[in-house]
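You will see two complexes here that share chain A, one where it goes with chain B and one where it goes with chain C.
Up next is the complex of A and B:
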């Protein structure tokens, strides 16, 4: 299976689109391609989407395809489940990932389990999109990262795109997949620009993106932290002579562990960066898998840089130190190499 | 009408005899988990389901054996599901609370109270969207009328004019909590009014009355494209599940309701009307018992699922998900077993699990993927 990397285009500027626009294009193209695709969500139509991801789609496709819903998260998702079971391909938007907690019954007990518990008779080709992440002073009920929670559930696919190209390519793949997909966007990435290839450019699930090659250590960055890790890797190279390989798994289920293990077997060191909580996090899971499968290749314990183990505070200085930034990733990488920022 | 009446009584009797045997099989540990019987509520099942066309959808709750049977799922496959056998209608994955028969448009039993309401609205949305005139009948208990999904779903169905008949099977108890102790409004047909869903009521102990009211509702919903809420007044004669000492109600109360047993009352009526003779009535019951005997024999004879089946049907395999193993770790096993060759993967899992189980372990071998 080829991994279409969002390669740098020689005549770049033409392909520069925002993450939000890439998602919008994916939705538009899939709505146009497949009559079975419908969108449902709170304020996705007339309002244009809380983060403007669905802007213009109501005007283009009409109320039959783009449906504003009441504020009823569990029921919106559940309707998506029922409609998916009987032939549609619903894409449900939840305004933030914190609101998905209201819909956990339908996502976990129903969407994820229906194919299995009914002996394979029904399938649930449903996409539930939602943004996560801190940085906008939205406090403890609008800022969290829950990919680790969804990652735990067999039956779900989980996508965490960090670039516009992956946002578009993965969303198109998600809509075409026969399984329920939890599609986790990031609030801070909506305005970020990047190359997006022309045409279909589907990004398959289960294929990691190697954002930067290096031989000194492997940094795995999740969601927005893939970009933070890339910036940290540039600093490590420029200021510390350290060449880090940066891997963005892009999907957590399926997880491209092969690519991560192959990298760790070359670099012998690994740092995992995620914005979510440390306990039971993506990094905890990944560290266990690496420890189980590549213990003999490790020259140091698998290290993690995570969000703080606190509800997300409102106050800016507190919020700033509650999730990882480039400096912590640099420091974490150097520590894994047995160095400190000062000593190098 | 005479033919309808006979078939209704036959089906109610089949459900009754089936569930009595299921209870016996539970007591003999042939059936595990929870077993929720609908004994006493058969008229609500048969009267409502017979108001549907074959192309209409039915969706129910964890008390769903009767709903599978009334839609035509063979008793053999329902009993095998209770036994956890491979020939169960869900291959032993769902059990008593999670019956399902897609081909007969029985869209399932659901273990979460109120969990099926949004799904019903979604099924109706898909039918409406694709231009069919199919109706979805969604049944749930009085306890579910207090769930958030009740208000959310009725509102949305009314707002979007979805063809759903909501039927609250008011059997007087949410588990062991009596209606008056769990719902401020006990006239449940009115609970949808503020949400734009008009109410109707039927005598859920009377199959004819249930059929009459549900048939009227179904056709109205089909024509007008607006949901309706029906309250079917009924009573369950047995406990909430088999594990229910029934300390919340008196024997006298149960006895009073049993006088209105939907089977014996309807049977006596058909006898009196001359639709059936006493001999035919006996034959009808004997036929149901014989059919259930065959279902038990079938379930006994059916094998348990192979260990390898543990990982079947978690995902619809394809480009997105090449196999459960790739979802787990995409490690060496995925490389050694190409996606096409699931049989080989399954053999390997089977071998590992079998040896692990034989060794008294929990099936997780060191170094293998965490299942």
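Up next is the complex of A and C:
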């Protein structure tokens, strides 16, 4: 290890910021920038958050703006809706996305619809932050991916950042947006490091990130699967001579369909990778959109690699095969190209 | 689509001789079909009311229904039925989930050929490219799952089509610039027959290790023989039977055919075939005679040529050539050859090397007969000579054996009395 250099940013060496640190920085910067911004959630104050995303913020901004709440998800979000309607910019944290089901009434019936129900007289600039995802043996009540469910609700914006830079840039954009945002983090990504630009690097909603360029097929990776897809693309290139273009949509609503369609029109083949369930999933929806809008450019059916159609198992080996890994993405890509791993 | 020749894989409906809904009797001519070898008329094998399925100009694989003959009003939908489209249930089945004990690889299926009669499978992109490029997808082989035609197949097919027009190694130029340089370009579709010729000739050149032997024949005795035969067959010059044309007078090519047939009997390897790494030796000697037809080349066969008299060979080749030209030649008359003779002498070509007609062992090319200055007994004299060129497949026929065969043909032609036996 080289001797420590003077830090380029408070978070460590330039470009090596953890996902949780990037989120923390976004919250700190927005709290500092706009006094209307408040945080609410279970254990986010004294404990610094179950995943340490809000660490140090209570100390820095005080308990008026960083509030611990009881275990009462529907109420937490309900307070957020009310606060947002009355002029604040609340960011509420739910400990996992599974617990958001307790707050669906507030998220769907209220946050998403109030602006429409009251003829635009009220706005709900609320951010609901929560992590999702498998891999930690937390069983079926803590490990699911529900982005497809929230994607279905008109009135909600849905962000699924996969990198520290996107986590920070999208969270800052979410806080400044006038619409309610479901901000879906990934439990397995909190410790992942990545480059984060200095300063006000907002990532706009509805602009996809092309993580890798390629001409043989397009792989769309959702949330953590964007990173899995990138690794699979590297393997495809090194071992199979296949150059995959990897696209991370970053936000599902609004969706940057143009970037995906432009890529598919060049590669003529598309594989969608998501950790969530197959039926009614993000991939199912995207495959339909691509089929509707790029039918004449397709050289193969739009394919999907998804999580297994089961409640997340607790058993480690079962959990491991219940969500996609690099090998399944490689195999799925080769199948889309009409090849098998063995034949390549 | 009936199979009208051994090698027929598909046929084109040229002309329906009966109309939709017409009642046809058994044995009545129904339709003219173009096969890989010839245009054939197909007769109804039963009586009834004709319902057309295939339109004129349509090309279908053997076994595909082209029409039904049945009771008036009889249902025929089952023959035309499209494959059942996937119901909504299909959409809900098996996306690639990593739960399967055989993970996602299970969805990869090896390429298969679509069974005859199935709807043509092509990706939407392939269909669009074919539409824009004017490519007939029916002529493209699909390499995708289930034989689906994909982009690469369409590109491959158009690349093959333009390969001749685009020599490798030249700097690429804008397509429109090239197009202008050639003036107006019109694309001519190959007929079935031309496609067959193209395929077999390319296959021959690409796969056969051939070598060429050339020999000069002194044809003085043949010329004398022909003059004699002409006198016998056509005594019109003597003032009798002025109406009888010299129909049975053998040509020099007929003499070559006869000489070749006799020599083949003594050199069975030259009468053989190379197939699947083995040499096949044939008991019959069937000499194909290449005939230039309108826009094509066909090779009708003189069966058992060594057993036929020169006169029989002459009559037969003349009849076959006439049938080639008027299009009435039938596949059996075009198949079964064991050796081929090709002649361009009538155009003044002194010698040439023809392409072997696979799987035959060799082909003999006949040049023009002419008086040439040759040395005989130390003197330069004018003699009728003719060049014969033998192209052989070295996998069957080695140099010395081919040389002995060719020398024997010369021997027979230079002492042609043996041809008249």
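The rule is simple: the second predicted complex is superposed on the first by the 331 of 344 C-alpha atoms of A that agree within 3 Å, B and C clash if a C-alpha of one lies under 4 Å from a C-alpha of the other, contacts with A are read in each partner's own complex, and residues count from 1 in each chain.
Here is the rule we use: a residue touches a chain if its C-beta (ideal position, glycine included) is under 8 Å from a C-beta of that chain, and two chains touch if they have at least 3 such contacts.
Quick caveat, the model's predicted, so the values are computed rather than measured.
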Open item on the list: Taking chain A as the common reference, can chain B and chain C both be placed on it without clashing, or not? Answer clash or fit.
Closed with: fit
TODO: Kindly classify A:110 by the partners it touches after superposition: chain B alone (first), chain C alone (second), both, or neither?
DONE: first
Open item on the list: Quick check for you: in the superposed arrangement, does A:199 touch first (chain B), second (chain C), both or neither?
Closed with: neither
Open item on the list: Touch test for A:154: chain B only (first), chain C only (second), both, or neither?
Closed with: first
Open item on the list: Quick one: is A:317 in contact with chain B, with chain C, with both, or with neither? Answer first, second, both or neither.
Closed with: neither
TODO: Using the superposition on chain A described above, determine whether A:241 touches chain B (first), chain C (second), both, or neither.
DONE: neither
Open item on the list: With both complexes superposed on chain A, which partner does A:179 reach: first (chain B), second (chain C), both or neither?
Closed with: first
TODO: With chain A at the apex, figure out the C-alpha centre angle toward chain B and chain C and round it to a multiple of 10 degrees.
DONE: 120
Open item on the list: To be precise, I mean the smallest distance between any C-alpha of chain B and any C-alpha of chain C in the superposed model; what is it in Å?
Closed with: 16
TODO: Overlap the chain B and chain C contact sets on chain A and report the shared residues.
DONE: none
Task: chain A to chain B touching residues, read off their complex - done: 1, 38, 64, 67, 69-70, 72, 74-88, 90, 105-106, 109-110, 114-123, 125, 154-155, 157, 173-174, 176-179, 204-206, 253-258, 261, 289, 292-293
Task: Residues on chain B engaged by chain A in the complex (per definition of touch) - done: 57, 88-94, 98, 100-102, 107-108, 110-112, 115, 117-127, 129-130, 148-149, 152-153, 155-156, 159-160, 312-316, 318-322, 324, 326-331, 334-335, 367
Open item on the list: Per the contact definition, I'd like the list of chain A residues that touch chain C in the complex.
Closed with: 268, 278-279, 283-284, 295-300, 303-310, 321-325, 327-329, 331-332, 334-335, 338-342
Task: Complex interface listing, chain C residues touching chain A - done: 92, 95-99, 103-105, 107-108, 110-111, 123-128, 143-145, 148, 150-151
